[in-house]
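As structure tokens, here come the structures.
Both complexes below contain chain A, partnered by chain B and then by chain C.
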Partner chain A sequence: MRDKILYGLGAFAILILINDIVHIMGLPDEVNQGAIFKIIFFHVPVAITALTAAAVALIASVLFLVTKNFVYDALAVAVTEVGLAFLAANLVTGSLWGRVIWGVYWAWDARLTSALVCWLLYAGYLMLRHAIEEPTQRATFAAVFSIFAFIDVPIVIFSIKWWRTQHPQPVFWGGGSFPSAWLPYFLWNLVAMLLIGTIFTMTRLRQEESQRELDYLRRLAHSM
Partner chain B sequence: MNLITSFALLLQPSVEDILLEKQRLQHNYEFLSYGLIAAWLILVVYVLMMVSREQKLKKEIAGLRAMLEEKH
Partner chain C sequence: MGFLHQAFVITVKDLRAELRTKEAVNSSFAFALVILLLFSFAFDSFEETTQQMAGGLLWIVFAFAGTLILNRSFARELPNDCLDALIAAPISGAALFLGKAVANFILVMAVELISLPVFGIFSNVHWTRQFPELMLVLVLGSWGMTIIGTIFSALTVNIRLREVMLPMLTYPILIPPLMGAMQLTSGLVAGTPIAPDTVVWLKVLIGFDVVYTAVSLFLVETVLVG
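And then the complex of A and B:
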């Protein structure tokens, strides 16, 4: 049943993306930036998906610390790993966009730096998990680390409001202009990215369940 | 009339301007495609990593189950 839901969601996401890509390529170039502006249709949705994943990881980590239920720990690691992949896609698309508009791949401004720090923090979270063998200790330390790592997320979001940055002001909530006719394509792309993120998380969550089963079988084999 | 035509011709973009604009547009498209390819490549690599991990887990679980059944 779960497999069927995953395949269904995947097919739906792919259909949305194909339809969107065809329409986006047909849109006229933006007046000031030209064709490269169309990267916004991927750059922002992958960022929103990554930061949503970080928020889910925070909630799952808090729930693990409160309930000590390992399902929440599995959810936290699954969603963090998926968020990391999306944040990497966001950093790479942003860097290529910057190369065309600013003439450089990278600028050490508040937005870019805090996003990179965010990526490094969550990569550190995954490394921390590999370093601790005992499951309860690993889950507890990882949950605490995840809660602290989330402090960087509001900094990433609001950095362009709090400081003067090379990165432009927010297009959607900071006075930027985005053609209203383009908005549906952007929103559908966002839905597709969130769906892909959900599918990845569910798949990764199933792997965590398999890992627990494997650990149990290993203990059983060891005790025999 | 001749003066107006000459003035209008002066206002028209030169061949160099058109070539520069063409170059800028090509450059833009090039980087747009790099960006999209890179973003999808990251996600595809992640999917491949998940597939390989899934296969490894299934293989290990099947091996351990077979071993436990043999011991029984």
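And then the complex of A and C:
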């Protein structure tokens, strides 16, 4: 049943994406930036999905520490891995845009730096997990680390206000200039990205569950 | 025995153990010297640009040298199962952590205060011009470094590749306070006091220290006991 729901959601996400891409290709180019502006339709939804993943990882980590239920640990690692992939997509799309507009792939401005810091943080989370053998200790330490890492995330969001920065100011909030007629495509893309993120997470979660079952059977076989 | 007294006992114990062997402080200071020496080849100390990034160089030295001390903090307790005995002792995990953090802070500050004049001589920097403010930045930056380093030292004490994992985990988290400390220190050693446009970095340092001290004290019991 869960498989069928996942397939259904996946098909839905792909349909949304195809529909969006066709429409976005038909939109006129931005006056100053040209066609590369349209990367925002992917760059920002991917970033929001990555942030959502970080928030879910935090909640799952706290729930694990409170309940000691390993389902939450599996969810935390699944969603962190997916979030890391989305953040990587965010960094790559941002670099492509920067190459065209700034002339360089990477400018060390505050938001780029903070996004990279977050990526390294959550990569550290996965490295920490790999380094610990014992499951309970691994889950506990990883949960604690995830909480520490998440506290860094607000710094990412507010850093754009703290530092003078080359990153364009958000065009959606606070006097932005994003045309309201284009907003539906953006929002549908956001829905599609969140859906894809959810599907990846669910798939990864099932792998974790299978792994746990395998571990259990292996222990059982050893004890006999 | 009150909470602070318990923490104080741990601090004294750690400092006494360190002063008897001096292994962490000596290696840390020697390492700082080596990095300063390497910097002298990488950067011409009479160039104006080197003067401008003095704060950055200094904090890289502090971060590298500090890691050596912090790495030893909980690893020192591994032989003879001392860590298990400490955890089993009738004191809270938070007191144990705070005691160790304060001891580490004192050791890190000691290495920094010895490295600072050496850095001043090697890099031709007159670092004493804004001495009180520089000390404030040093204390705030070092405390942030120490608190993160100590809790992660507890986190990584039992795992494979401990020496590699600690800097890999701490440096990304430490980037905001290190940036702040670097910015402020560069200005202060050049003789300019903290101005309204740089005071935000002081706030970053203070905010970071307060938030992570609170979170660490809250979560350390979970880390130590599981």
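By our rule, the second predicted complex is superposed on the first by the 223 of 224 C-alpha atoms of A that agree within 3 Å, B and C clash if a C-alpha of one lies under 4 Å from a C-alpha of the other, contacts with A are read in each partner's own complex, and residues count from 1 in each chain.
The rule is short, and it goes like this: contacts are C-beta pairs under 8 Å (C-beta built on N, C-alpha and C of every residue); 3 or more make two chains touch, one makes a residue touch a chain.
Keep in mind the model is a prediction, meaning the values are calculated, not measured.
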(Q) Going by the contact rule stated at the top, is it chain B or chain C that touches a larger number of residues on chain A? (A) B
Q.
Per the contact definition in the header, classify A:Thr136: touching chain B only (first), chain C only (second), both, or neither.
A. second
Q. Of all the chain A residues, which ones make contact with chain B and with chain C?
A. none
Q.
List the residues on chain A that touch chain C in their complex, please.
A. 65, 113, 117, 120-121, 124, 127-128, 131-132, 136-137, 140-141, 144-145, 147-149, 151-152, 155, 162
Q.
List the residues on chain A that touch chain B in their complex, please.
A. 29, 33-36, 38-39, 42-43, 46, 82, 85-86, 88-89, 92-93, 96-97, 99-100, 196, 200, 203-204, 207, 210-211, 213-214, 217-218, 220-221, 224
Q. Which residues of chain C touch chain A in the complex?
A. 148, 151, 155-156, 158-161, 165, 168-169, 172-173, 175-176, 200, 204, 211-212, 215, 219, 222-223, 226
Q) Which part of chain B faces chain A closely enough to touch in the complex? A) 24-25, 27-29, 31-32, 34-36, 38-39, 42-43, 46-47, 50, 53-54, 57-58, 60-61, 64-65, 67-68, 71
